[in-house]
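Dropping the structures in below, format is structure tokens.
One chain, chain A, appears in both complexes that follow, with chain B as partner in the first and chain C in the second.
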Partner chain A sequence: MKMNIFLHEIRRHKQSILTWSISLILLLFVFMAMFNSFASEAEVLNQTLAQMPKELLTAFGLDGVDMSTVLGFFSFVFLFCQICLAVQAASYGFGLVSVEETDLTADFLLAKPIGRGQILTSKFLAAFTGLTLTNAVVWIGSFVVIELFRDSRPYETNTLLLLLISLFFLQLFFLSFAILLSLLMKRVRSVNTAAMALAFGMYALSAFGGMLGDETFDLLTPFKHFDPNTIISQQAYELPLVMISVVIILLSVAGSYWLYLKRDIHSVN
Partner chain B sequence: MNIYLRELKANVKSLLIWSGAVVLFVLVGFSKFSAYEGNPELLAIFDSMPPALISAMELRAFNLTTVTGFLGLMFTYFSLMLAIAAGTWGADIIVKEERDRTVEFALTLPVTRARLITAKALAATTNSFILLLVTWASVLVGSMSYQTTPEFYQFLVYIMIALFILQLIFLSIGIFLGCAMKHYKKASSIMMFVLLQAYIVSMLAGLDQRLEFLRFITPFKYFNPARLLHESKFDPTSLLLAAAIIVVCLAGAYFTYQRRDLYL
Partner chain C sequence: MNIIEVEQLTKFYGKARGIVDVSFSVGEGEIFGFIGPNGAGKSTTIRLFLSLIYPTTGKARIFGKDCIAFGPEIRQEIGYLPSEVFYYEGMKVIDLLKYSGSFYKKETTQRMYELAEIMELDLKRRIDDLSYGNKKKVGIVQGLLHQPRLIILDEPTSGLDPLMQQKFFNLIRDENKRGATVFFSSHILGEVQKMCSRVAVIKEGSIHKIEDIKTMRNEQYKKIMVSAQNVDQFALNLDGVTNVERDNGTVRFFFKGDINQITRIISAHNVTDLTIEEPTLEEIFIHYYE
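Up next is the complex of A and B:
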């Protein structure tokens, strides 16, 4: 790893890290502020839900969500945090190497006496550090807003930790998968479009699959690998699904190095 | 006209990818719908469901055992997809000249800046419209194997009009951002925030009655498929808001691009 590339990359992401962190904090705050008024209503709702057949609840993702509990309500916000973090990770991933090519700085960078592997490592670590900083903000923010608004209702700290740890994997998934995709493409035209499409595509798969109760979608999308409702109701990860994510992360990272080392780089003239 | 055709050609690939995604989505959705069709047990469940949580998922207002109800449910996903496509196309079509360093060339053509924007905006609108037609066609194909009623086709027309207005809203926001932002990278990242915000707020607004007012800040809530189905009319306030956003954004786009300092 080269420190100056790393620092340069961190500086490049500085503003974006800040904006994402602030938006996420706002999101958490606004959502959890409604918890109290919502929780009392949800208790009535729960009684009705309890009378329904289990299969149907599962099909609609209503299984295991108890909106009157702290974490049950939190899982709702958490889903949006997941989407935001996924978009952020994907946009860092898509931009990681492709930005040098669109800005025509790739030949400058590659002319430096540093191996391509090192360049990729430094950039990858820098992007991941940025994501982790945002993640840390989400961690702190979650604990703070829950403490602020839970109104002495109890919650399981361990389950909350499980949820928050899953963000780490989700970010890695989107970061590494997006890098791989960007290297498979000849040229990434718009980083943000690609990132939105990837993150929202995966989210739509998960939401739509959940609605239809189809298990095959579960395998494809990381939003299902780390489904907050499942984590809350089982107080554990669904290991086989998590393994899929981990394998995809490893394969994407390996594939990215392989592709980048032999990438044909388009330069000025 | 040259610019218009050139822009259309340049966007063919992106259009094809989005069309593919939409077609795939519709076909998968409708093939799964067979599990719901005419399932009375499911209907009984929905009738007994209390509003709070279910309304967030838009399940309440529709009879999911009919194609019409299913279509209403899919509206959310359609609007999300088409809005992302339109928004990013709008920002991209302006911004790409600077990104690809062709802006000097484009502006030395004997065409005023205003006409350049007009041509580009029309091209992006055409693209959005084609994507809409693709959506329309694939819904028609997907619903063929199910029992449809005249009501279904009427509802489909309403939905498509609503989707088109949504596309225009996000398209004009995109074009405005593309024209007004100093640096080209800003435009697309702000567009991303606008889309995310609109989606998240729309979910929030559905959560609770007291948050009804939120629906004014998110275009995704301007058109309520349930009301389109049951009342067969658009909400005038929302239409007015939509028109206002489009007009203001486009006016802003022309105004700012005229005096734009190019990023080279």
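Up next is the complex of A and C:
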């Protein structure tokens, strides 16, 4: 790893890390602040939910959720956190190498006395550090808002930890998979569009898979591999599905190095 | 010792031609011109030197070492000035130059300040806010601050005003006197003519000719213009006469051969004006592309 590239990349991500962290804290805070009033009317809420079509509930990750429990209520906002972090990770991934090519800085960077492997490693670690910082903020934020608003209702700390650890895998998945996709493309036209398409696309697979009851989708999308409701109800990961995520991460990283080392960096004209 | 050695270098982008079977070498201390029109393969060749792209077949060696296998090592001593301007969002000039310098083993700070002063570059400005010409200067300084043994210039002067071009050329000459070899790619023949000792002409992806600038100019064509009465009767059916144009009592042509043959023909007429000059490279060049 080259420290100068790493630090340069961290500086580049600084603004975005800050923005995502603050937004996620606000999201957690605002949502959990409503917990008390919801929980005291839990009966009514659960009854209302029970009347809704099962497919709709599945699509929003509300099927079989008891909104009167701390983690049941938390799982709803947690799903949003998962999606946000997925978008962030995917945007770092799509931009990692492609930004240099669209801004013509690839000609600058690759003409320096360093190998491409080192460039990719430094950039990858910097992006992952940025994601981990955001992740840490979500961890701390989650514990804090739950303590603030749970109103002495009990919750299972281990299950919460399982939920939060899943973010690490999710981020790695979207980061590495997006790098791979960006290297399979000739040019990434818009990093943000690509990132949102990937994250929401994966979420849609998970939601529609749930609605259609088709299990093949479960295999493809990390949102199913780390489905908050399943984690809460089983108090454990579904190990085979988690393994699929891990394998995709490893293959994406390996594939990215392979593609980047032999990639032709074209000039724009 | 040869600084650059290119052997049958070929690059295809899919089916599209980049360069085909290009071979040449550049000796230490040379300023080597590389000229051809846009799309002839100049940038492709340079990008192969820097392993920004990889060859389909053939190889290139710099400092006697393979461009790909020893890429990072040889790039310690290469200064590359890309043709396009570039910048990292929100970065100041000084930050970019320091970042650039941080890649090299050599100490670069002092040279960076010297170069910025020569090129009149304001180090405190944000690169995004700079004019095209000033961004170009950033590119020049970042390419030279580590005092490289080989300087690769890809269309370096576009966007620089004439005064800055002059400063830039002086800078390159100084670097050359210091011992740096220069590989100068351009489609502007005037500047190649001014700077280079030898030149390779590239046309549609292949090297058309490699020649001394002097031979290229002297040994070949003369540009001749004669004004005379009854110009139409000028018999120019001589070997070596090309590009004959007649209008309004004047005849213009290029001639390659024994100049006495021409003066004999001319002296037989009543001439009002006569010019014999060295054609510019530009004009010679037209012949390569006919």
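The criterion applied here is as follows: the second predicted complex is superposed on the first by the 245 of 269 C-alpha atoms of A that agree within 3 Å, B and C clash if a C-alpha of one lies under 4 Å from a C-alpha of the other, contacts with A are read in each partner's own complex, and residues count from 1 in each chain.
Just so we're on the same page, a contact is a pair of C-beta atoms (placed from the backbone, for glycine too) under 8 Å apart; a residue touches a chain by one contact, two chains touch by 3 or more.
Keep in mind it's a predicted model, so treat the numbers as computed, not measured.
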Clash or fit, chain B versus chain C on superposed chain A: fit
Which superposed partner A:P240 touches (first chain B, second chain C, both, neither): neither
Angle at the Cα centre of chain A, taken between the Cα centres of chain B and chain C once the superposition is applied, in steps of 10 degrees: 80
Partner chain in contact with A:R12 - chain B first, chain C second, else both or neither: second
Which of chain B and chain C A:K262 touches, first, second, both or neither: second
First, second, both or neither for A:T105, with chain B first and chain C second: second
Contact breadth on chain A, by residue count: chain C or chain B: B
First (chain B), second (chain C), both or neither touched by A:I83: first
Per-pair minimum CA distance [chain C against chain B, superposed on A] in Å: 7
Contact set on chain C toward chain A in their complex: 13, 43, 47, 50-54, 71-76, 78, 80, 82-89, 99-100, 102-104, 142
Chain A residues touching chain C - in the complex, by the definition given at the top: 2, 4, 8, 12, 103-108, 110-115, 262, 264-269
Partner chain B, residues of chain A touching it in the complex: 16, 19, 23, 27, 30-31, 34, 37-38, 41-42, 44-45, 48, 51-53, 56, 60, 62, 65, 67, 76, 80, 83-84, 87, 91, 102, 189-193, 195-197, 200-201, 204, 207-208, 211-214
Chain A-facing residues of chain B, complex: 14, 21, 25, 28-29, 32, 35, 42, 45, 48-50, 52-53, 57, 59, 73, 77, 80-81, 84, 88, 92, 96, 99, 188-189, 191-193, 195-196, 200, 203-204, 207-208, 210-211
